[in-house]
Amino acid sequence: VELAITHFGVGLYGVPYAIAKNKGWFKDAGLDITGFLTSAGGGTTVRNVLASELPYGEVALPAAIAAIQQGLDVKIVHAGVVSLADMVFVTRKDDDSIKTEADLKGKKLGYSSPKSTTDMVTTIMLDKYKLTGQVERKPIGGIGAGLTVLREKGVDMFYVTEPAWSAEKNNYRKAFNAADWLPHVTQTVGVAKSEWIKANGDKLKGLIAARRKGVEFIKSNPDEAAQIVATEYKIPLDQAKAALASVKDVKGDYWSRGDFDKEGMDVMLQGLRLVQAIEPGDFDWKKVVDESALPADLPKSFK
Amino acid sequence: MNDAHAKLRGVKRIYRGVGKQPPTHALGPVDLDLKRGEFLSVVGPSGCGKSTLLDVLAGLARPDEGTIEFEGKLVQGEVPDGIGVVFQEDSSFPWLTVRENAGFALARAGMAPAEIKERVDATLSFMGLASFAESYPVQLSGGMRQRLCIARTLVTRPRLLLLDEPFGALDQQTRLLMGDELLRLWRETGATVLLITHALDEAAMLSDRVAVMSARPGVILDLVETDWPRDRDSRIVSEPSFGAVTARLWSTLRGESMKSMATQ
Amino acid sequence: MKRAAAIRWLLIALLVALLELACSLRWIDPTAIIPPSAMLMGAMKIVLIGEWQRAIVETLTTVAIAVALSSAVGLLLGWALTRAPRLRRAVDPLLASWYAIPTFVFYPLFIVLFGLGRWPLVAIGFLFAVVAMTLSTIQGIERVPRTLLRAAQAMRLTRTQTALRVVLPSAAPWLFAGLKLVVAYAFIGVVAGEFILANEGFGHRIAFAYNNFDNRAMYGAILLLLVFVATLNASLAGWEKRLLRRRGLR
Amino acid sequence: MKFDKLLVLAAILGVWQMTSLLVGVEVLTPPLGTFAKIGRLFADPDFGGHVWETTRAFALALVLSLAIGLLVGLALGADRLAAEVGEPMLTAFYAIPKVTLYPVILLFFGLGFAAKVAFGALHGIIPVALFTMAGVRNVKPGWLRAARAMRLTKLQIARSVLLPAALPELVAGLRVGTALTLLGTLIGEMFASQRGLGYLLLQAMERNDPATITALALLLTIFATSASALLLALERRLDHARVVA
Amino acid sequence: MNDAHAKLRGVKRIYRGVGKQPPTHALGPVDLDLKRGEFLSVVGPSGCGKSTLLDVLAGLARPDEGTIEFEGKLVQGEVPDGIGVVFQEDSSFPWLTVRENAGFALARAGMAPAEIKERVDATLSFMGLASFAESYPVQLSGGMRQRLCIARTLVTRPRLLLLDEPFGALDQQTRLLMGDELLRLWRETGATVLLITHALDEAAMLSDRVAVMSARPGVILDLVETDWPRDRDSRIVSEPSFGAVTARLWSTLRGESMKSMATQ
C-alpha cells in the first residue's frame, strides 16, 4: 500500500519515511509500504488519507485541524516536523540591504497566499519586530513565481524551502531563517482515521516506531541518510546533504520522534487565529489528538 | 372507398409566426383520396401550400387539423414504410458521390451491395447521370442535381411516390424524356404517384387526375379526370382531348394565380 | 421554450431533492458532498460577506476582460486563418493541441510578461478561451454557403462589406457556439488560475474553503459560480435562439 | 506544405528562444536546453514507467470522453428540447473548477487509477459534446428531412447523416477534447500520485525546476499535436465534400 | 459592332476534376454579342453549360480561354458595375427579412433609406411579396423565395440583367405575369437582358433573340431572331409566327437533349 505524505519528494517532511522504507523497517512492523502518495496542499492530502486503503498519513497541521473541526473522521496521532528550519528568507544576491528582520522596514515582502503558513509566519514576525504596517506584504503564489517576482524586483524578499533552497543557494542571498524568530512551530502531524486507529492500534504503533527510527537514523548516520534521500527524492546527493545539514544547523529538532511539542502547536494555532482561518476562542487539543499509539518512552503532552 | 391508398380528411396546416408575426394559414381543409395505382398531379399558384400538402401527407409534418391515412394506417409524425419523397429543394448529400447518394437509402436498408449496384446503375443511366457516377453533387449542374434526387428516391421502389416539382430545373425535352420514364416505371411497379408540378401540360399529360389548388390557404378547387389509357406516353399531347384538359386547368388556375399575386 | 425551461427546472429540482435526501439519509458522506440546502445557506452567507463580494467582483471583472479579449482575438484569428489557407494548414494541428499545455505551470512566465495581479490571470483565461473561438469562427466561415458569397460578389460588395454583412451573419450560429465556449473557458481558466496561484478572487476563496474543509463555503461558492455562468449563458441563449429560429434551424 | 510546417516550427522556436532571452532562462528554458532536458528525462530508467502510467489513464479517459461526448452531443444536437434543457446545465457544470470536485471523485472512484481516468474524462466530455452539438444543430434541415423520408432510424441518421454533415465540427471537438482529456488526466495525477507525468510536473513545480516543467509541457504539446494532426488527416480523408468545394 | 453591350470571344470553361477525375469541358468555345438593350434568351439541355456561361459573363468565374467585354471593358475576375445577376439556386440571405433582403444591395451602395423603401416596396408588390415583407426566407415557399431573389436584383436597376432560370419554381400563370413584368421593366429601363430558361415558349415569347446551346460542352448552335415589337407582352403567343419560332427551337433542342441524356 501507499502512504499519503504531504509534499513527499519536494519537502523534507517525508525524509524519515523514505529512510524507514529504504531500510525495510515498515516491513519489520508488518506493513507493506510500496510508495508514497504525494500532493500539494494540505486539504488534498487529508482527503487522500481518508480515501486510502491505509488511512494514515502525514499532513500539514492547519489542514488536520480544519479537517477535524469540520467533522472529518481523523485524529492527530503524532507530531511530524516541529520546526520552521526549512524555511529560508532570501533576497536578491546583489541586494544586501536586508540583514536582520528590522531592515525589512519599508521593503516589500512576498509570501505564498493569504491564510497560508507563510502568511502566518510573516505576520507573527512583523508583529514580533513591531513592523506591522511598515512592510508591504504581497501574496504571490508558489516558489517559482515568488523567485521570479523577487528577481524582477517585485518584492525584496521571498521565502524558499528545503531542499529547493539547497539547489538555489548560489542564486540568492539568505537573510535569515523562520526558525530564528519562531523556534517552535509544528508544521506537520501524522493523522489517521479514528475507526482505523481503534482496530489497528498495532499497525499504527509500528508505523510511528518505524518513522521514529528514521528520525533517529538521520541524526546518527547523516551521510547515509543523505544518500537515501538522494535516491528516494531523485535529487543530487550534494543537494540532499546540504538540505539535511541546513535543517540540522538550526537549533532544536526538526523532525519530532513522534511526541508533541505543545508550544509549537499553540504557535500554529495562534497563527491560524491571526489570519482568521479558525474561529477565536478556546481550542481543546485533547479532542483532536490521540496519543495512544505513541511509543511508551516518549512524553505525552495532552493527558 | 376501399381502394384508397391514401386518404386525407379535413387536413389543415397553420405555420406559427416568429415573434410578433401572425400565423400563416397555409393549407386546407383538404379532403382527398389517392386511389391505389393512380397517377395524380397537383397544380396551384406559387405559395398556395402544395409543398405543405406533401409534407403532411408524407408524415414529415403533422397537420394542425384533420387526419391522414396511408394503406389503412394513420400517418402521424413519421414517414410510413412504402412512401418515397422527392423534395422541391436540392437535398443531395454533398459528402457522397452521385453513386453513393443514389444507393444511400438502399444501403441503409441493408440491401446487398451487388443488388444496390445493379439498381443504382440502371437508374443513373436512364437519368442521364451514368458518366457522373463518381462525381460529387457540387460538380453537377442544377438540373443534374435534381435528377440525382429523383434517382435516389426511385431506386427504393416506393409504393407511394411523392414528387415536388421534380423537373423544375430541367429543359423541356429532358422533362419529356423523364416524364416518359416516370410513366414507364409507374406502369411497371404499379406504384401510386402524386406529382406536384407547375407545368400544366406536364400535369395533363402524365396524370389520371389533376387536382387544382386555390390560392393560399390552399384547398382543392377542381379535380380533373383525364381518362388516358394506362399505356400512354408523351405523344398523348397530340390527342384532341389533351387541349381540353389543359384549357380547363388553365382557366381555373389563372384566376387563382392572379388572386395570389394580388393579395400576397 | 417555456416547456424546456419548465423541464429543466423540474430536472434540477429532482436532482436537488435526490441529493438532499441522499445527504440527509447519510447515503453520502457529508464531508464529501453537503445537502443542497446547506449549499444555499453557504451561498447566501457568502454574498453577505464583504471580503467575498470583493473577490466576486474581482473575478467577474477578470473573466469579462478575458471573454472580451478572447472572443475578439479568436474571431480575428479565425478569420485571418481562413484568408491564409497555407498558414492555416500549417498551424491547424497546433490549434487544439494547445489545450494540453498546463498553462498554470507557466505562471512565472506570465508574471514576468504581465506583472503581478490581474493580467496573468487574464492571460490564462484568454489562452484557454481563444482557441474555442478561433475554431468555431473557422467553421462558421467555411460553412458560409457558396451561393451567398457569389451573390455578394455579384452585388459588388467590398471585402469589408462581404465580411461584415454576409460572412459574419451567416457564420453567426457557429460564432454563438464559440462564444458560449469562450464564456465557459474563461471562467475555468480564471477561476482555476486563482485557485492554484492567486491570492485574490473567487477561485482563491474557493481554494481556501477547499483546503479548510469548509464545504458550506466551497459548495456555496460553486453554486454562485453556476448561477453566474448560467445567467450569462441564458442571455446568450435567448439571443441565439431567436437567430436560429429565423433560419428554421430549430 | 511540408515547407510551410517547417516554417511555422521555426517561427515557434524563434519566438520561444526570444521570449526565453527576454524573461531569462530561469523562467523559461530555451529550446535547446529543453531538448537536452527531454533527452535526460528519457535516459532516466524510471521515465518510461511515468509515461506509461499517464498513457494508460489517458487512453481510457480519452475513450470515455470521446464516446460519451459524441453521444451526448448528438443527442442534444438532434433534439431541440433536449438541447434547451441540457445545454445550459452542461455549460454551467463545466465551468465549475474541477479541483473542487476532487472530494466527490474520491467518494465515487476512490484513490488511484479510476479517479485519474474520471478526472480526464470530466475535462474532455463536455467540450466534445458542445462542439458536436453545435455542428449537428447547424446541419441543413433539408438533409434531415430527406433522411426521415427514407425512414432512417435515429441511429442511422446519426451515423450516416449527422456525422458526415457535421464532420468538421466533430473533429474540432475531438481535437479539443483530446487535448483537454490529456490535461485533465495530468491534473488528476497532481492530486494523488507517485507516478505519471502529472506527478513529475507537480514535483518540478514545487521544486522550482523550470527545465523539467518546460520539457514536460513540450512533450505534452507534441503528443497532443500529433493526435490533432492525426484527427485532421482523418477528417481530410473522410470529408470529400470539402475537398471539392 | 459598336452597339455590343457585352462581347464574348472564344470563351471556354473547363472544370478541373478532383483527384483522379478527368477534367470536365463544360463550355465553349462561345462567341456572342449582346446588343445594347436587347432581350436574349439562352436555352439548352440540362448540364450543357448555361450557368457556366452566365458565371463567366458576369465575371464570377474566369474563362479558361477567350475574352469577355462589357461596355467596352474587359471583364476579369470581378463583376463589373451595372451587371445584375439572379442565380439558379436560392441565394436569399436567411438572416434578413424579405424587405431587408430586397433592399440589401441598395443599402450597401449607400442609398437613402427612404428611397430604398420606396423602390423595395414597389418591387415586392409587383412580385406578389408585399404581405410577406417582414417574413424570413424560411417562411416562404420555393417559388416565393425565387421571386425574392429576382426582386433583390431588379431593385438595383442593372444595365445588364443576367437571369438563370428565374421562373423555374413558378407556376405557369405566375410565370406569365412575371414575364410581362419583366418585359415592362426591360422597356422602361432600356436594360440588356440575358435570360437562361428551359421553357421554350417563354424564351420565344420574351426574347428578341434566342440562343440554342448544344449538349456539353455547350456551344451556340443556333441564334433565332423573333422580330417581335419592343412593345409586346404574353399575348404574343397567339401570333402565328410564335409557333414557328418555338418549333424551330424545339427541333434543334430535341436532338441535343437526347444526346446529352445518352452520353452523360
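In this document, chain identifiers A, B, C, D and E correspond to the written order of the chains, with residue numbering beginning at 1 in each.
Here is the rule we go by: contacts are C-beta pairs under 8 Å (C-beta built on N, C-alpha and C of every residue); 3 or more make two chains touch, one makes a residue touch a chain.
The chain list, named the UniProt way, goes like this: B, E = ATP-binding protein; C = ABC transmembrane type-1 domain-containing protein; D = ABC transporter permease.
Note that the coordinates shown come from a computational prediction; the quantities given were computed from them, not determined experimentally.
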| item | value |
| --- | --- |
| Smallest number of contact steps required from chain A to reach chain C | 1 |
| Result of counting contacting C-beta pairs for A-D and B-D, higher pair | A-D |
| Where chain D and chain E are represented by their mean Cα positions, the distance between them in whole Å | 51 |
| Inter-centroid spacing, chain D versus chain C (mean Cα positions, whole Å) | 17 |
| Centre-to-centre distance between chain C and chain B (centres being mean Cα positions), rounded to whole Å | 47 |
| Whole-Å gap separating chain A and chain E, where each centre is the average of the chain's CA atoms | 84 |
| Multi-partner residues of chain E (at least 2 other chains) | 18, 89-90, 136, 139 |
| Shared interface positions of chain D, touching two or more other chains | 24, 27, 102-103, 106, 205, 210, 213, 240, 244-245 |
| Interface hub residues of chain C, defined as touching at least two other chains | 31, 108, 112, 196, 210, 246, 248 |
| Residue ranges of chain C in contact with chain D within the complex | 1, 3-5, 7-8, 11-12, 28-29, 31-33, 86-87, 89-102, 105-106, 108-109, 112-113, 131-132, 135-136, 139, 142-143, 146, 173-174, 177, 180-181, 183-184, 187-188, 191-192, 195-196, 203, 206-207, 210, 218, 222, 225-226, 229-230, 233-234, 237, 241, 244, 248-250 |
| Complex contacts: residues of chain B adjacent to chain E | 15, 17-18, 21, 24, 43-51, 88-90, 128-132, 134-136, 139-144, 147, 165, 168-175, 177, 198-200, 250, 253-254, 256-258, 260-264 |
| Contacting residues of chain C [partner chain A, same complex] | 30-31, 107-108, 111-112, 115-116, 196-200, 204, 208, 210-215 |
| Chain D residues within the chain C interface of the complex | 1, 4-5, 7-8, 19, 23-24, 27-28, 80-81, 83-85, 87-89, 91-100, 102-104, 106-107, 127, 130-131, 133-135, 137-138, 141, 168-169, 172, 175-176, 178-180, 182-183, 186-187, 201, 204-205, 210, 213, 217, 220-221, 223-229, 232, 242, 245 |
| Of all residues in chain E, those that touch chain C in their complex | 58, 60, 78-79, 81, 83-85, 87, 89-91, 93-96, 104-105, 108, 136, 138-139, 156 |
